[in-house]
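Following this line, the structures themselves.
Same chain, two partners: chain A is paired with chain B first, then with chain C.
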Partner chain A sequence: MDADYWSFESCLAEQARLPCTLKLDVEGHGHLLGANESDLHVGAKVSIPMWLAPTLILNDWLDFNIPPPFMQRVKRALNANARSVRLSTLVGNGGEWYGFGKLVADVLEESQAKELQAVLLTTFKERFVDLMDQAQHFGGIPSSAGADSMGDTGADFREGLEMTERELFLLAQESAKAVRLWYESTDRKEH
Partner chain B sequence: MSTDPSQALLLECRRSAQTVTLLPYNAAVVTTLIRQIHTIHAHLVQSLRSAAIPGDEVGPTPTPPPAVMFTSTHHHLQIRRLKRVLLVYHSHRLNMLRGMLHRAHLSVTHLLPSIRPLLSPSELTFIRSYAQISMSYRAEFIDVLDIAASVDEPPKGMWVNVRVVKEVGEVITEGGVVDFRKGGRYLVRRGDVEMLLVQGYLEVVD
Partner chain C sequence: MALPANLMRSPLPAELEFIALQQTDILIRPHFSMGKIRLLSGSYGPFRATANIEVPLWVGKYMKQQGKCSLIPPVWLSVEWLEEKLRQEISRPEEFAPLPFRFAEIAKVFLDIAADDVPSPERVRSLLKDLREVRQAKTRKGLALLDEMELRMTGLGSMEINELRPFLTRAMGVMRVLASEPEVPASTADNTFVTSMDDGW
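Let's turn to the complex of A and B:
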């Protein structure tokens, strides 16, 4: 989810849409912006993908507000308990909450950007501990019964992981497995 | 609009990376995207031309009205975006191909049968020329290091017990000439037989 030109994950994250309002009139261009009519006027609402948004905003042609995944309600829920928030449902389409958040922070002005970045960081740090813990000990994302009572809350958390967290989860599982295999193989040779 | 086909390519990249498999070349979507680029570009040129104010040739060209700037910037960014998607898709596939070729010890003949239907014509040319370049580079210092050799399992010792699987005949080794007979077992230096092991003529036995 880095800003690497060559990263397809970064490309995918940029497809998330930002609701904006027009600051000027455009004729005949409405359909391309995803609107129903061809002519749009000041104040019209359009949904702009993130690869398009920064330039249009910085050129002062669009206005935007902080999108739903990062509004106050979400911030309050994260403050209360970051682990119980389902990040995967906040952003549709493959659910890249952190990636989208980073892109939004890039177009916000200084003070708001800093605040959003802090939220992203704190959330990540809190959830990461549980993520790693579960990856080392549990099976895949929502597994079936057979787990103890701790397993239930675990399954909820794993379902709520957004895309980047899922990738990390899988990586952690695989490395744990690889370490175990290596340990067992070297063990044998010692005799 | 421009999201669905490009999203298809990006999702293919993701799926191919997650499953570590090469998927068939999506020529249909690639052609669609290229066509979209041409369409948008024609549209862009046309709109700029019609918005051009016929001023005098001496003075500087005045800036077009904001609406025109807005739409042309939009078109321009759309084209850039499609270009990026195409480049990312192709570079992802080429990287995979390079990795596969290296794992096949730079042998195109070994690799090709399994993946041939998945490649586009240009990718086929790419594999062949890349293998060729790598082979000629490798030849320069092959007496010191064989870059096509396997690195999966570090050799456990200098000597190795092998059994002949396919008929090899006489091989010149550092210790002299060895006649590898099919089914026979030999204790040889690793360096001598590395290539034969990789190609499947010999097999390591513990």
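Let's turn to the complex of A and C:
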């Protein structure tokens, strides 16, 4: 979920495709844009991977639509309760909802971009406290804190995590585990 | 990088314990008499049986494990003090009760190897556990206020900070990217391709 050249996550986020409409004729290169015929004309619909889209859009060769994971319907659901939206189903398994969203925001106009970024940020903030909670109490740590308030919704929430969140989940889980193991370890001499 | 990923993210709890062993001075009551010993880290002693003397925690731990002394627990490692702090912790939901920075590590060492020197160790242990849980709940509340710029939580112990560190730094990194200004390729009339990527962070 960063823009680092070497980051696998950002590579994955850039694989997501953006639905676009052509603004110029493309003769003989349709295959490159993932279409079936080789000649494409103005108004043809193509989906362009996110790594290619910014250049084409800023050169005014394409118009694009906001992709499904960030449409109004999703935003409304997120507004109602960010924790109950399953981000993983929006971007497919192993998808990067936040990374993709940021890339989309980068090609949007300023006001729209601001709005989308705000949605991304609020969603992240609303979800990540639960995320940490779940990570600390999931995995056989007997504790009263997480279980009663979450119950079954916890499992749903975990399955709905997208890639960046999964990574964070693992981080929190690992450090909770390390601390727990340390508390259980002992230097006492065996008798 | 040469280190495995989990070692790069933050110190291990055992490493923090090691630091606490080096940095903390405690009182011990030796069961033997001996002159000064000089080590690279300093001189300790002379030891006289039943006369309290201050040494680093690691010296105390070593001697205790040899059965050569008893450790005198710090004032805060007692039922009354901890009960008082637990009360504070519960009655003031918006701040952390002031505990020694490395309380978790020091308490663990004491309860682990010198439980017989701590008065009512079981009660102390359960108080520490209660404290830990109350403070974790507070941390959780504090995290809800996190934004991409800063997080203020005063009074956390080193172990608590360390437990949060990998998760928190990553989460703030993600937020920073999400809140960052778009860095778009300059619109070019020719076919020069310009990278749309940040330099990373």
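Just a few scattered comments:
One rule holds for everything that comes next: the second predicted complex is superposed on the first by the 172 of 191 C-alpha atoms of A that agree within 3 Å, B and C clash if a C-alpha of one lies under 4 Å from a C-alpha of the other, contacts with A are read in each partner's own complex, and residues count from 1 in each chain.
Heads up, the rule we're going with is that a residue touches a chain if its C-beta (ideal position, glycine included) is under 8 Å from a C-beta of that chain, and two chains touch if they have at least 3 such contacts.
All values reported here derive from a predicted model rather than from experimental measurement.
Contacts of A:Gln15 after superposition on the shared chain: chain B is touched, whereas chain C is not.
Set against each other, chain B and chain C differ in how many residues of chain A they touch, and the higher count belongs to C. In the superposed model, A:Thr55 makes contact with both chain B and chain C. Contacts of A:Ala172 after superposition: chain C is touched, whereas chain B is not reached.
By the touch criterion defined above, A:His29 lies against chain B but remains apart from chain C after alignment on the C-alpha atoms of chain A. Judged by the touch definition given at the top, the superposed model places A:Ala113 against chain C, while chain B stays out of reach.
Shared interface residues of chain A, touching chain B in one complex and chain C in the other, are 5, 7, 51, 55, 59.
Contact residues on chain C toward chain A in their complex (touch as defined above): 6, 9-10, 12-14, 17, 61, 65, 108-109, 112-113, 133, 136-137, 140, 143-144, 146-148, 159, 162-167, 170-171, 173-175, 177-179, 182-189, 193-194, 196-201.
Within the complex formed with chain C, the residues of chain A that make contact are 1-5, 7, 10, 51, 54-55, 58-60, 98, 101-102, 105-107, 113, 117, 120-121, 124-125, 128-129, 132-133, 135-136, 143, 145, 164, 167-168, 171-172, 174-176, 178-179, 181-183, 185-189. Looking at the complex, you find that chain A touches chain B at residues 5-9, 11-12, 15, 24-27, 29, 32-34, 49, 51-52, 55-56, 59, 61. Residues of chain B touching chain A in their complex: 1, 3, 7, 10-11, 13-14, 17, 66-67, 69-71, 73-74, 77-78, 81, 84-85, 87-89, 91-92.
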